[in-house]
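Below are two complexes that have subunit A in common, paired first with subunit B and then with subunit C.
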Partner chain A sequence: MSTAPTKSALLQGFTRPWIWAWLAAALAFAATLGLTSGRGAGELAYAALSFGAFAAIVGMGQMLVITLGPGNVDLSIPATMTLAATLALKTMGSDPGTAMLGLAVALAVGLAVGLANFALIYLLRLPPIIATLAASLVYQSVAIWSNRGLRIKPPEGLADFATGRFLGLPNVAWVGLALAIAVWVVLERSVWGRWLLASGQNLRAARLAGVPVEAVRAATYVAVAVMAALAGYLLASFSGGAALNMGGEYLLMSIAVVVIGGSSIAGGNSNVPGVWGAALFMFLVVSTLNSYGAGAGVRNLLTGAIIIAIVIAASTRRVRR
Partner chain B sequence: MSEHETAPIVALTDAARHFGPVRALDGVSLSVAPGDCLGLVGHNGAGKSTLVNLINGTFGPSGGQVAFPQGSEGVRSVFQELSLCPNLTVAENLRIPHPGLKRPGWRRIARAEIRASLDAVFPGHGIDADSEVDTLSIAERQMVEIAIGFAPRGGAARLVILDEPTSALDAGIAEQLLAHIRRFCEGGGAVIFISHMLGEVFSVASRIIVLKDGRIVAEREAAGFTRQGLVDAMGHVAAETGGTAAPARGTADEIVIRTAEGLVARRGEIVGLSGLAGHGQAAALARLFLSQTSDWRAGRAPRAVFVAGDRPRDGVLPLWSILRNISISVLRRDAWRGLVNREAERRVAEDWRRRIGIRTDNLDNPLLSLSGGNQQKVLFARALASDAPLVVMDDPMRGVDVGTKQDVYAMIRTEAAAGRTFLWYSTETEEVCQCDRVFVFRNHAISAELTGADITEEKILEASFEMQEAS
Partner chain C sequence: MTISRKMLGAAAIAMTATAGYAASHLGDTSDKRIALSNNYAGNSWRQAMLQTFEDVAGAAAEAGVVAAADAFTTSENQATEQAAQIQNMILQGYDAIVLNAASPTALNGAVREACDAGITVVSFDGVVTEPCAWRIAVDFRQMGREQVEYLASRLPDGGNLLEIRGLAGVFVDDEIHAGIAAGVEDNPQFEIVGSVHGDWAQDVAQKAVAGILPSLPEIAGVVTQGGDGYGAAQAFRAAGRDMPIIVLGNRQDEMAWWAEQRDANGYETLSLSIAPGVASLAFWVAQQVLAGEEVPKDLTVPFLTVTQDNLDEVLASTPEGSVANVSYSLEDAQAVIAEAK
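Our next item is the complex of A and B:
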């Protein structure tokens, strides 16, 4: 420990997979500003942080699940977001002073969904992809049934918070940042995080080393659902109400930010800063293409190509290391 | 013409096969001629499978020669590990090694051929050629595998290597197979018959070869061996070390573990599990470890720890450093409010690096940068660093060099004297002779319990093999 590596910090930085997500985000940012010759930089950064926060929150949850190893993924994130937002807003009923009650409802929905997902996986031995996808139909149906086409506005104070700013940064970005620090501490410094990383590398070896692997798996599936529920609650407050399709884009988004962020899709290795970098990038690349006047088709095509390029860049760096 | 008939089908001249420093086969010469039935015996790691793989061409020899004077067509192997495709039918499985079944309508030919072969080897077998293999019992699958080995397959079987063919068969079916082997050899075919069932070897083989440590230690006509002589020829690894294993009996006679199968271990005792590989020892150990620990909870003081022998499957956390691989089992003990105590983690790891001699200058290096033997030391350190009263070891000395082995034996003795209990499965008799008490497994059950001076290679081998006569 006393013999700290003497390699230059910059060189070391380039061997870290998350640097690519941040570089890509910076490039996309610069490309947009190049068009406007620097005008609107603050607004663009603010928008990226606002919208990126939602992707980062669900992305960090998905990252924890993917870290559990091959086959582990939560496809019920969109439905969980919708259900948590719908029930929270219905409970609050636009009444002032109910924000905390709504938050509690949303988090309780997340807890219940996480437990239900893991029960399907553990008791029925379903593959997580099937279990969470099938269960998400149920969650979505419950949301439809309880919503009945109503669009309830969030309480005014909550809406103000979700769209407001503190020290120049959007409040939702602060929430995402706090959550990122918490996830980082859990992964890098806590026993539970070590257990999670060990389980993702080799489940059998982890079990034989004394890791309570089923408890780790259960806690991870609950964590992702709670984070999705929180994201849904914030997103509904941010956008003035819950909508049945509000979570739709976050299915692929949550997986894309994990992969672009440099976490290993094979499990056992996760990367918190990369998820945030990738979340910013995902927003910025779309706005860049928009500002260059690309149509929807071209935009999707280029977004896909760029994602592939970044994944290749990040993974080849890792192999060489 | 007569020369052609007596020329050997396969001739090995001083054939050797090395895997790194391991001499799996160390200069073996033998030949098999038409009409021969060669019995091949020897305990685990003696080189039997390597010999089979040399003959069927899985890999080439590191030295010497493997020659097929009349070509290698018609040389077949039937393996103990079943190699059928479970999702295909019996007839479809015949197509895989059959070069002639290419054209449409091959299923009909395959059905007829496999049916004929099954009828020839196992009259009255009752196996439908159209049933999928995964609907068959283990014995039926073994029968299909044997029948495929003897089937003509566009030529004729000339030499069939049978590796433990009867392990899944009951006595009646096994007798049908033995009868077929005799007929096959009388008709000019040749068989290499590998079995731990000495009675079967005697009843079918014309010549018996005993392998030990990669060399032929005895080769005689079957009539020239007695059962006891055969066991003696296989054994005698640990005659010189037997005396050094002075039982360091634990202080108390407190029983730490007692399982339904009859495994008993006392505090401070080193308990060996022996017998031939695949007779249920590893499974019994894993079951025992899992029953002592939980999928759901991990306390500060685990009741048992595990040392894996199959490192990639059961032990190594490949993405991690040496440090993290050592500390995983003690994180909970030293943790503060759920956070890893990194200072204690490093202290423990440095301590064990010194004590067990892991060759690295930096514990932050990836575990996979170490050699296999040093990785194994890491797994030992992981287990011994904890305070668990029970240490379960699943053949933990694979790939470990001799010097390290001696160090680890000494360490195990010290830890046992301090009150820990060790359960030690090993395929090497020398290691089992280090134990205070030995349970010998046969067919997933304990066939003998040996203690003290009774722990000898001969007694273990005797209990490992099925002896139909009292001995």
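Our next item is the complex of A and C:
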């Protein structure tokens, strides 16, 4: 894609679909600070980065799946988070020095879940929505069965890491940032990323062009599950233990941040910076409306309306390639 | 109905069941089958509830007090799904259904069908409004009011309160909120300066509180609905704020945190919630109805309060990561029934 030097940098900026999510996040941030006349800016930004990181990590996973094209979505994210976190924390059992072991367990759960999801989709030819939704009931049940909902504390060192900071930014945000860079490089600079975009734009054409589309799909479903597992592991360490309902709000959240971030819901077009902007926005908009004392009804109504507005703004200005 | 009863273990519960059978001079229920219809299993409270039902009702079935006591949970927490489940129970010929309902009104049709088929329906926690069913309700309003009254006793000068609500649109959330609002009206020295929805989950509450804290003035107390206190405490700590008096909801991690704070700096608070063992109370009420006992349709279950004095005792008897619980016996059920008469 060649950039036209005649366009001003500002105008160029507005043609990027991810700018709208960041603008909305900045507006929500400013609106909250307007209420406090600037007090608590650092606190709010820090909280947004901490909690936004979890939404960004699962959102990037969901983005990869949605990029695969129409009908591709992973609805097992909440159950995967719960299962990975439950098994990891049970394995660690609050013992010091077991953080890496727990991480390995969580990632292994992600790997197994991803392969299982893809097996249902590929071998049984189930639509991904049905396959991942049905499988998520199994994962949730395994999580319930394995620990009956008991909340085990993470080892102290791990809890300190998850709630700690480095260079003023939350550690979980650093993890989310590193992951974002990795995903961006893979999507934009690797053959696999090109294959993924090609499969999403036209599966048949991609297959005829020699893209190993089933391998790409398999890798994508594994990637989303591994990212969900990582998010679950971090969230449980952050909030003091795994709970059976911990992943609940990340089902719609993961899809919302993809759409608000400017990725195409029809697939074939993904947008990493937009996911982060949308993740921050989703946290900030709730905080803002809470700060202004909006009730639950008004809050949901306004959140919905704002999301629709951003999606319209981002999609009508989308750059034509 | 003391905490210590919880510690007696499954063997003791079995003995209580047998003893209870002997004490019950009414009709024989040994050929009756009781089913539990439960709408949700996805949190520690519900897991403890199912465990207690299994322990108490299972022991009663083994002892021959009833022929069977089976627990069923729907997977999607939907009223339609639970209505279908109740219809299946009617077809399977159960004599009584113990019900924790997904909706106070949406199941009325199915409950009516069950009553018409001669089945005793005892709803608890999530009660139904259908008149033919029994209701073991919790006075959620009182639960909200009591929190504000406790804070008033601790903070005579009043102050700013943060309210953490439950799941928006759910009956229980509205009731506890109404109780808190009434309490604040009676105690005008308090002002609710912020309100968030924590969905009865620690991580959601933590996130919501962290988001609203920067815009809030000094907070003196936090009123909650249970399952959200520890998350609120984490958010206050992360923001470097002074720890307010957070009213807790009997979760083990909350109480462990409370004990830790008490030992470190003399932190004092109150914890109250409904014991998940209310399922065992509902079981015995159903058994009593089947036995021919006259039982009023509306019963009230007391909530379980943990204070500074019995914190250590309750904490010791609560499994790690679970919620404070009591198992109700037949005598407890008879006492509740007698009180309502």
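Note that in this section the second predicted complex is superposed on the first by the 312 of 321 C-alpha atoms of A that agree within 3 Å, B and C clash if a C-alpha of one lies under 4 Å from a C-alpha of the other, contacts with A are read in each partner's own complex, and residues count from 1 in each chain.
Just so we're on the same page, a residue touches a chain if its C-beta (ideal position, glycine included) is under 8 Å from a C-beta of that chain, and two chains touch if they have at least 3 such contacts.
Just so it is clear, the model here is predicted, and its values are computed rather than measured.
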Please indicate which partner A:V109 is in contact with in the superposed arrangement: first for subunit B, second for subunit C, both, or neither.
neither
For A:I307, select first, second, both or neither according to whether it touches subunit B, subunit C, the two together, or no partner.
neither
Is A:V191 contacted by the first partner subunit B, the second partner subunit C, both or neither?
first
So in the superposed three-chain picture, is A:A162 touching just subunit B, just subunit C, both, or none of them (first/second/both/neither)?
neither
Return first, second, both or neither, reflecting whether A:M282 touches subunit B, subunit C, both chains, or no partner chain.
neither
Could you tell me if A:G240 is touching subunit B, subunit C, both of them or neither one (first, second, both, neither)?
second
Which partner chains sit in contact with A:A215 here, subunit B, subunit C, both or neither? Use first/second/both/neither.
first
With both structures fitted on chain A, tell me whether subunit B or subunit C touches more of subunit A's residues.
C
When the two structures are overlaid on chain A, which partner does A:L230 contact: first (subunit B), second (subunit C), both, or neither?
neither
Can you give me the overlap between the subunit B contact set and the subunit C contact set on subunit A?
none
State the interface residues of subunit B toward subunit A in the complex, per the touch definition above.
286, 289-290, 293-298, 302, 305-306, 308, 313-320, 324, 328-329, 331-332, 335, 338-340, 342, 346, 362, 382, 386
Interface with subunit C, subunit A side, in the complex: residues 32, 35-36, 39-41, 43-44, 47-48, 50-51, 137, 140, 144, 147-153, 163, 235, 238-241, 243-246, 248-249, 283-284, 286-287, 290-291, 293, 295-297, 300
Which of the residues in subunit A come into contact with subunit B in the complex?
1, 3, 185, 189-192, 194-195, 197-198, 201-202, 204-215, 264, 268-269
Contact footprint of subunit A on subunit C as seen in their complex
41-44, 46-48, 51, 75, 165, 168-169, 194-197, 199, 201-204, 206-208, 210-216, 230-231, 234, 238-239, 251-253, 319-322
